[in-house]
Each structure stands twice: as C-alpha cells, then as structure tokens.
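Handing you this structure, nothing more for now.
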Amino acid sequence: MPEINYINALAAATAEEMRRDPTVIVMGEDLRLSVYGASAGLVEEFGEDRVIDTPLSENGFFGAALGASLCGLRPIVETVTSFFWVGMDQMISQAAKMRYMFGGQATLPVVFRARMFYARGAAAHHSDRNYNIFMSTPGLKVICPTNPYDAKGLMKSAVRSNDVCLIFEDGIASSSRGEVPDDPDFLVPFGVANTLRTGGDCTIVGIAGGVDHAMKAADQLAIEGIECEVIDPRTLVPLDEVAILESVERTGRLVVVDPAHTTCSAASEIAAIVARKGFWSLQAPIITVASAQVNIPYSPALEPLVYPTPDKVIAAVREVMG
Amino acid sequence: MPEINYINALAAATAEEMRRDPTVIVMGEDLRLSVYGASAGLVEEFGEDRVIDTPLSENGFFGAALGASLCGLRPIVETVTSFFWVGMDQMISQAAKMRYMFGGQATLPVVFRARMFYARGAAAHHSDRNYNIFMSTPGLKVICPTNPYDAKGLMKSAVRSNDVCLIFEDGIASSSRGEVPDDPDFLVPFGVANTLRTGGDCTIVGIAGGVDHAMKAADQLAIEGIECEVIDPRTLVPLDEVAILESVERTGRLVVVDPAHTTCSAASEIAAIVARKGFWSLQAPIITVASAQVNIPYSPALEPLVYPTPDKVIAAVREVMG
Amino acid sequence: MLPDNPAMHEMYRRMCLIRYFEETVIEIHSAGELIGPAHPYIGEEAVAVGACAALRNEDRIAGNHRSHGHPIAKGGNVKGAMAELLGKVDGFCKGKGGSMHLADFSVGILGESGIVASSVPIATGAGLAAKVLKKDFVSLVFFGDGASNQGACHESMNMASLWKLPVIFLCENNQYAITTSYKNSVSVDNVADRAPAYGMPGVTVDGQDAVAVHEVVSHAVARARAGDGPSLVECMTYRFEDHSLGLDRIRKVAYRSDEEVAEAMKRDPLDIHRAAMLKGDIATEAECDEIENAARAEIADALEFARNSPYPEPEALFEDMYADDG
Amino acid sequence: MLPDNPAMHEMYRRMCLIRYFEETVIEIHSAGELIGPAHPYIGEEAVAVGACAALRNEDRIAGNHRSHGHPIAKGGNVKGAMAELLGKVDGFCKGKGGSMHLADFSVGILGESGIVASSVPIATGAGLAAKVLKKDFVSLVFFGDGASNQGACHESMNMASLWKLPVIFLCENNQYAITTSYKNSVSVDNVADRAPAYGMPGVTVDGQDAVAVHEVVSHAVARARAGDGPSLVECMTYRFEDHSLGLDRIRKVAYRSDEEVAEAMKRDPLDIHRAAMLKGDIATEAECDEIENAARAEIADALEFARNSPYPEPEALFEDMYADDG
C-alpha cells in the first residue's frame, strides 16, 4: 500500500469518487486553485462545471449544495468549522431536518468537509471544534477521521452515503502520513470503532486529535506497567457504543480525550452513556480530558494550555488507577 | 405578593428595567404590537426609539444589538430558539467570543430572550431546545427560568448583567402562574440552584420544562414511599454543581430530566460531571430522561412520544432504585 | 399572451381549490381539530396559481410558512395536503411535517419552510443541479416581503446571477410580515428594485391577477430555460386573513386599518379571474360554477379522506431519519 | 477639498506606519518569530488612512482579517498592535486576539474580525447606539469585495438605511478574495452598484489616492452626522502581497498575472500621496523623508517594545471571559 498524507488521502478519495460517479461535484471557496490542498488537480480533470468556486456566502452555498442534492447531484462542500456558524441555518434547519420533516421524501447526499485549525495562533475565530453541536442535532452523520487510512475510507463512504455527512479534519491529524489502499472500492464503514491498542487497566477513548494524545499517553503509561486500551470511535454519529462499553467492561475505567470544549462535548456524552449503561463495570470515576471552557486565545503562551495533552491524559489515567 | 403569569413576569421585568435605566432598549420582530405578549405597553411608555421593530434579519439585528451594547446601550432582543440558527455567526463568533478575544475591552450587556415552542404541532422548524449548544460555547450565560418568580428575577439580573445572557423560555413553563415580588430591585442571582423538594432516595435534576415533569413524578413516587430531591439549576451557565453534587451525596442516585435532544445535552453534561466528581456517592447508574434523537414530528400521534413525561421520569427513578 | 382556455380553466380550478382548502382549514382549526399553526393563503391565490401555470411538472418549487397555496398550485394532491395537516399517515410527509412543511417531491415540490427565507438557497441549488446536469427544468421559490430582507436572499440571488442559474425568485409582497409593513422593513420602494443589484431583471406585477402573474413568470421561465439566468418577480398582493391561525393575539391588534383591508378585499383574485374568463368568452357562468362546485367537492373529499386516514404508528417516530439505514 | 497641511502630513505618516509595520511583520513572520496567520495591507494604505482621516477620535470603526492597517489608520498605537501580534501582555488584547483580532476601544476601534463580514452588523449596531443615545459619533466598517456577498452586508445595509443610521459601509475592493476575482463573485460591475438597492448613495473611488478617499468618505460622514443615513463607499485598490502569511500554498498558484501585479504596483499609495504633497507645496522632500524616517523609527521601537513585553501568565487563560465575574 502506498504511504500518503492525510490531505492527499482526502484528495484521492475525492478524485476517485468523481471518476466513478459523474454526479459528484465539489463546491467551496478557492477550490479550483486548491488553496487548502484537497482539491488539487480536480478542475483540470473534471472541468469547471464540477469544481465550483463559490462566493463568500456560506449560508447560500451550503443551501445550494443541499438543494442540488435533491435534484440529482452529490456535492462535496469544503469549508472550515468556524464558517458553519455563518451557514448554520442551512445546516440545522435544512440539512438535518429536511428528510424527516418531509417524511423521507428528501434524500440529501451531501458531504461537508470541515477543517479544524489547531495551535499556531488561529485564535478564537478559527479554532472551533464543533462536532458536538452536530452530534446533538438529529439527522446528520458526524465523522472524525484521525489518520490517512480512515480519511480516505470514510470520505469515500461519505460520498456514497445518501445522508448528509460532516467530516471534521483535525489539524493535528492532517499532518499524519500512513498506508492507504488504492483499491477504488476501499471503504471504511460508519459506526465501527477502531481499537488501536489493547490493555486491561483503563479504556481511553480518543476523539479526533485526542486519539494521538491517547496513544502517546498509553505508550508512556505502558512503560510504567499501566496497560490502556485506546479506542477511536471514528464516527460520532453513528457511535459504536458497544465497542466502548465492552472495553470498559474489561478495564473498569474510562478516560475520554477530546480537544473540543468540555461542556456538552462528545466526551461528556460518552461519559454519560457509560455512566448509565456501563455503570456496574466502573471501578473509578470517569474523567474527560477536554479543552478548558474558555475561548481559544492567540498567544503561544496561552493557547497550548487550553488543549488536552498526553501529560494531561497520563494524569487522568493515574487518577482513575487510584 | 401579586400572582402573575410567566409572560407577564417577563414583561414586568422588562418595563421595570427600562424605567430604571434609559439605556435599556428592546429589539425584535413585531414587538411594538407585542405579538408574543412580553412587550405589551412598552412602545406607549418608552417610545419608538427604545422599542425597535426589526426587519426579518436575525444575523443582522443580533449583531446590531451587540454593536450597540459596545457603545452604551443595553439591548434586550426577543426571538425564538430556532431563529438562533439564522443569526448563529453573531451569537458565536461575536457574542460569545468578542470580550475574550479583545482582552476584556468589549463589554456586551445584551439579553437574548428566546421562546421555545412545545407540543401542539410546532414541528421540526420551531421546536429547538438548543441551550446545550450555547452552554458548550464559552462566553455566554445560559438561563432557563421555569416559573414566574424566576422569570422575573432572572430577567432583571440578566438586564443588569454586563455579559451576554440567553434566556430560554420553555413553552410548558410559560403558561405557569405564581407569586412574584414587585420590589423593583428584586433579583434572582445566577448560579444558585433551587431545591424544590427534598428527599433522601433519589436526586432528580430538572432542566427547563423538565422541572415540571420532575415535580409531578416526585409527587407520584412519594405516594409509593420513594422520596426524591428535585433540583432546578435555573442557570446552566453558571451551573450550581455544588448543589447537585451535595444532593447526590445524600441520595446516591441521579436522574436528569431535560426536554432537549439527549445527545450532548445539558443532561449528559450533568451526568458526566457527577460520574466524575460524585462517582463515589453513586449507588446506581445515572439516567438521563431527554428527547429521543429524532427531529420533532408534527403529528399529534408522534410528537408527545419524543419528550420526557412524568411517567418516563417515574420509570427512570424506579430503575435506579433497583 | 393569455394562456389557452383549458389552462385558464385549470388556473381557476386551482385557485378555487386553494380558497376552499383554506376555508376548511380555518373551520377545522377553530373547531379544534387542527392544532398546529397555519398561515392562510386566502387573497393571494393568483400568485401561486399564476406562477405555477407557467411551470412544467418537472420544474421545482420551494416555499415558506404560508404554505398551502404553493403545493396546490403546483398540482400537489389536496388529499395528501389535508391529511398532512391532520398529522395522518397519508399526508404528504406521513404526518411528520404538518402545515409549514408540505412537500410533494413527485410533482416537483421541494418543500415549504417554517424558517423564513431558508428555502431560497435550496431552490437556488435546484437550479444549480439543472445547470450542471444539463437538464431543462427550472426552479421557482416563493418568499415574502419580510423574507426579502434575509441575507439568504442576497446570497442566493448573487450566486444565481453569477452562475446564470434557471431560478425565478418570486416575492409575494402581501405588504406585511406579521404586523410589520414592508415600508418599514424594505429600504426601497419595491422589492424588485433590488434586482439590478444582482444584474438580473426585476418586475413588479399585480398579484391579484393570475393572468398577469402568469405572463411575467412565463417570461422569467423562458429566460431561465434559455440559459439566460435568474429573474426577480415581485407580486403585489394582500393577505385577507390573519397572519396565522392559532396566534390569536395578533387578531386583536390593529396593524392594518379596516378601510385598508376592505379596500384590498375588493380585489379578490378569484373574482378577477372569473371575470376575465367571462369577459374573454373563455368560460360561461355555468362552467365557472361547475369548476367551483367540483373544487368544493374535492376539498370535502379531501377532508373526509384525511379524517379517515390513520395516525402514524409509534414506530414511525424513528423512521425517515436517515436514508442509508432504512 | 484637500485636508489642511498638518492633516496631509499626518495621513502620510500613518500610511508610512502601516507600510513599515507590515514590512516588519513579513520579516519576523519569515523568521518564524510570528506564527499565526497575518494578512498584509501593503498597497491598500490609502484606503484606511483616507477614510480614518475623515473621522474623529470618538467615531467607531470595525474591520476584518486584513487587520493591521485599520487600527493604525484610526490612531491605535503601534506598540499595542505589534505586541498583540507577538502574543504579549502589552498587546491591545493582552495577547488573546492576535493579528485578526486587533482592537483598541480607547480610540474607537471596535475590533477586527476573522470571520468575513461578521463585523458589519456590529458596526451597524454602533450606529444604532449613536442614534438612540443622540450622540454624534459615526460608525465606519471596512470589508472586502468578497465579504460584500455575505448576507450580513445585505441585512446591515437594509437596517442602516431604514433607520437612517450614521454608518459608512466601506468596501475595500482589492479585486480578489484570496484567489477569486470579484468579477466571479460579485454579480454586478461594482460593489457600489448595490447601494440603490438599499436607497443609499454609493460611490466608487480610487483607493490608491488617500485624498480622494478622504473626500468621498468626508461626504459620507457629513451625511451620517447630519442624520441623513448611511452610505456605501467602494475603494478600488490592490493587495501588493500574498493573501496571507503562513498560507504558503497560495503563493505558488497563479491567480493574478505577473503583468497585472506589476501594473497595479505602479500605483503605490505612498508614492501618490507623497507626490501630491510635493506638487501642492504641502510638504518638502525633506519633510517627507523626515516623516518616513520617524515612522520607521516608531515601528522599530514598537518591535523592540513588543519583544520586551512579557508573555501573559497562565492565569490569564481564565481572565476576561465574563464581565461580571471579574
């Protein structure tokens, strides 16, 4: 298998799906010149009709993608998490609700790819990690690939899905490299967690960029003789509750690592699920290691303090180990 | 103390604060004729300059309220939860972030009053209960008054607050009547939960319309000899964690009732907090009774199935009682 | 140019259907049989019917909260609409949508929207699909004078113009958004005055006259189908009833004078169309009566049908959320 | 009418400050001392300076991601700006905002915004406060050609016009939004062509000429202060540098031809202003050099100051979230 990076995995998935299905198009700002890398070469191969540079009008073009999907196109929209706010009405009132509201008549095969910036001074306006908000809204699929393999396989599944899929691309993960199949029908299914490491002492669920911290922490803890099981849910909707609950049954302990803000986070949701359905397995409190409940500051002296780190994960695991 | 209803309590709070402080204004759609009741008589008393009917431009006028607050006004904005999506960029990128981003220079004394419709066929587009989303975003205060007394006292505190306050008016609560002080300086503080009923068997935290269900369930359970402690946090940001944790310490059991969608809800957050900080007191799983993870259907045959009910709360308490 | 005689008859039939549908809705609402909010279209029938008469079956429409007229005008069946209002399984949306969310995809109705202006981008996207897929359907979206102030309209018109999409932006200017006069919400005299800001044609037309609406929209449709891009059509009309059933408070407030309402009601779109047919020898009095009676009967049938349709089963609650998982 | 001599000098000084500030930013960015994204204003100095020269201290401005020029033009101190870029405690925002979020409330700068067009409603609200409180300050908002397509602009201009707010909508048309030409994003020839859609005056002016900008904005300000409402001013300008430092990928793609860039750079706003001063006997060569040298020194000082300023303490992380709780 060739080794490629995360962005190129997404680019490859896009190009393959566009080749396979002429109704797949891409829409977004400055795509044709591939400002952000994932649309490189598309306009040359597929032409201007299928690679659409939009004006700065997120609410408008998010909605246009949805409307187009009702009439035979399968748009892939590129954006940034923070710009979802601008187009939020279309994301919630239409993308998430239309199918149900219309009794199943509306089928919306749209993918929204949203980049999440991280560290390096993006500051409050460009640092949202808002997948929890879309988890909270019924009707959307929420996908957080954390390595090139999943990025490609989940992206291709999303393009083939008939539901609105949101792909959150974590800034940390997006620099990762890895082996990625080039079989044009390679897919990673939704709702199947990936257990990256097994261990009997503590379960660590990592979300998005949290997976990397979880793995680093687990490696470190293993040296001390604490064996962690690290789970990457890969998709938050649908969520593989079973994998998490079974792991907690084995380990009796749970730490959830999530780079998003802590309150009402995906991490809190997983904690709540386990506090209900896995309660009798628990031997210790559940700890969520998430971002502090402050806006993301710019200063390099402050920003790193906000996020989870391997050290914070290690401290949490030690705490639950008692 | 005079007995008044919820809407009139809000109206009284607004008028009193406008009388006290000439910089308080109200903004919203069709306010002057008080389509929804809470602005009755304001234009007659305070004139058109201070009672501003806006065009249908939520993003625009939410932002205008914020901008005006930076320059000496204290706007109260009336809207509906579902219209927050339309003005979401101003709510998140500006209302929640501006103060921190500008190192404390921005002071934003704005109140957003958002009505939440409930039952009676409002359907998917008018049935959002999105306080969890604003809890998740650092920088906002999130307030859920559940009776006329709190409605008036919290509203007056919100108008006097120098932070952006969001008041969520639950459709169930809004028909309630009760005694309300007419002292012009009557205030209910933020961050102080209200224990509506004491009992040693199980803690029930009710959120917004969930309080009413919690009380009805507790009354019913008391007949069977199960004594519940019912807590209304009143404000979700700031949240009175101590009151909840102390109660769980006494009862060892927790049920959280929240009419919002279950995933990443305020209920899940409270469950996660207790699963961490109150774990050693817990004698049973934590159950959240929240709305099913589907869009709100219109049909009178379906809509009631979505929401928490006293019966669902009773079942949950019985389950945790074992 | 006048539509041909059968088309003129059909337009009258659909206007009657809408009128009687709405009268029935008001009746059953006050009887407590219908509980949700509902926004009557009475007085504005010529707009939807005139516009949809210029469309083909495969053309798409999208609408708003004032939502019963558009689907009926587009040929959606009234049984499905009525059953939807009662929340029954045979409703357009299996009872899940209700009054503000009528949709019948089988005849090109992409759905109404309770969020004002929210379907304008959706309809724009339908136009984008037509263009990219090189199909010759067009897309028409109904929105109000109030809605025209939403950013969604600006963004959509700009995109549609840039990309020369086959979209007709049809503003139903009934002069009020709930209680707010468009003179206090739109900063120009006419909504159509904004068309030049997007480089598209804008026309203001008498919305009480279905034939006039038909003519203007036909031009816009021809332009769209020819690949020349979008148009903005503003139909001046008037809502004869209250803003919404179930929002009783508004009945009591006087945002429109009695004289103004009375004056406006003199120009009933059904009367105007009937008169035009009689005058042009397009239909006889008897034919007109016959159309009315048949429409009345159809609505009565629809109500009967809706009443007899069962409520959805509880399992339905979890159905139709996702396409992939059945 | 030309501003008086001291004003002309001051305009030149501020343009120089912006130019050297930006040159310094580019330098320290490539040296790795500054890590966040930063959007250079070089080439556009005449716009912010011309506009702000028409404002008083208590007038408010708001801006966008291309954010260093506006505060310097409004009289914000360059030390605070530079320290902010380095994330230091003496920054305008104590290091919490960074390049895209400069703000100095003490001189009427309500802040820049990383979200495109997001500060347009904010500035409109400042105008609302002036009106309701019967104060005579005005509010001016800078936004790009790309931004003009956002719904926020439409909604804001409509409200400002309806309510006759003292707001100047100042579009910096540098002809591109990142790589996208405004000809492919704005569906009319000029952004100012949209002014009639809001019933407000719209003017397109040469944005390389600070005097011309000053004149047009002065008219708009006078109108606003007189209670006659908002204006739309479009300044045609050109960004001499890349869209953003730190987005290296864009450097490599050719969305602007070399000839186009070279042609545009011939009209350097600093040269144009200097020439105007010399020609009008407003300043001598020596005075111009002196202004330049002083500006260079001030920027060097600012960098020194910023470098010496400490980073915020960890506790600062939790400060400034809420006003009530300290």
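Order of writing sets the chain letters: A, B, C and D. Residues in each chain are counted from 1.
In this text, a residue touches a chain if its C-beta (ideal position, glycine included) is under 8 Å from a C-beta of that chain, and two chains touch if they have at least 3 such contacts.
Computed from a predicted structure; not experimentally measured.
When every chain is reduced to the mean of its CA atoms, the largest separation from subunit D belongs to C. Centroid to centroid, with C-alpha atoms defining each point, subunit A and subunit C lie 40 Å apart. We define each chain's centre as the mean of its Cα atoms; on that basis subunit A and subunit B are separated by 30 Å. Mean C-alpha position of subunit B lies 36 Å from that of subunit C. Averaging Cα coordinates per chain places subunit C and subunit D 45 Å apart. Annotation for subunit C: residues touching 2 or more other chains are 91, 93, 95-97, 101, 113-115, 118, 149-152, 154-155, 158, 162, 184-186, 321.
Residues of subunit A in contact with at least two other chains: 55, 57, 59-60, 82, 85-86, 89, 93, 100-101, 123-125, 138-139, 294-295, 297.
The touch graph of the protein chains shown is complete.
Across the complex, subunit C is touched by residues 29-30, 32-37, 53, 55-60, 82-83, 85-86, 120-126, 292, 294-295, 297-302, 305-306 of subunit B.
Residue ranges on subunit A touching subunit B, taken from their complex, read 82, 85-86, 88-89, 91-93, 96-97, 100-101, 123-125, 128, 132-133, 135-139, 237, 261, 263-269, 271-272, 274-277, 279-280, 282, 284-288, 293-295, 297.
The touching residues of subunit C, when paired with subunit A in their complex, are 60, 62, 91-97, 101, 103-105, 110-111, 113-115, 118-133, 135, 137, 139, 151-152, 154-156, 158-159, 162-163, 319-325. Across the interface of their complex, subunit C is touched by residues 23, 25, 49-50, 52, 54-55, 57, 59-73, 89-90, 93-94, 98-109, 138-139, 141, 161-163, 238 of subunit A.
Across the interface of their complex, subunit B is touched by residues 35-37, 84, 87-88, 91, 93, 95-101, 113-118, 146-147, 149-151, 177-180, 184-186, 246-247, 249-250, 253, 255, 311-312, 314, 316-318, 321 of subunit C.
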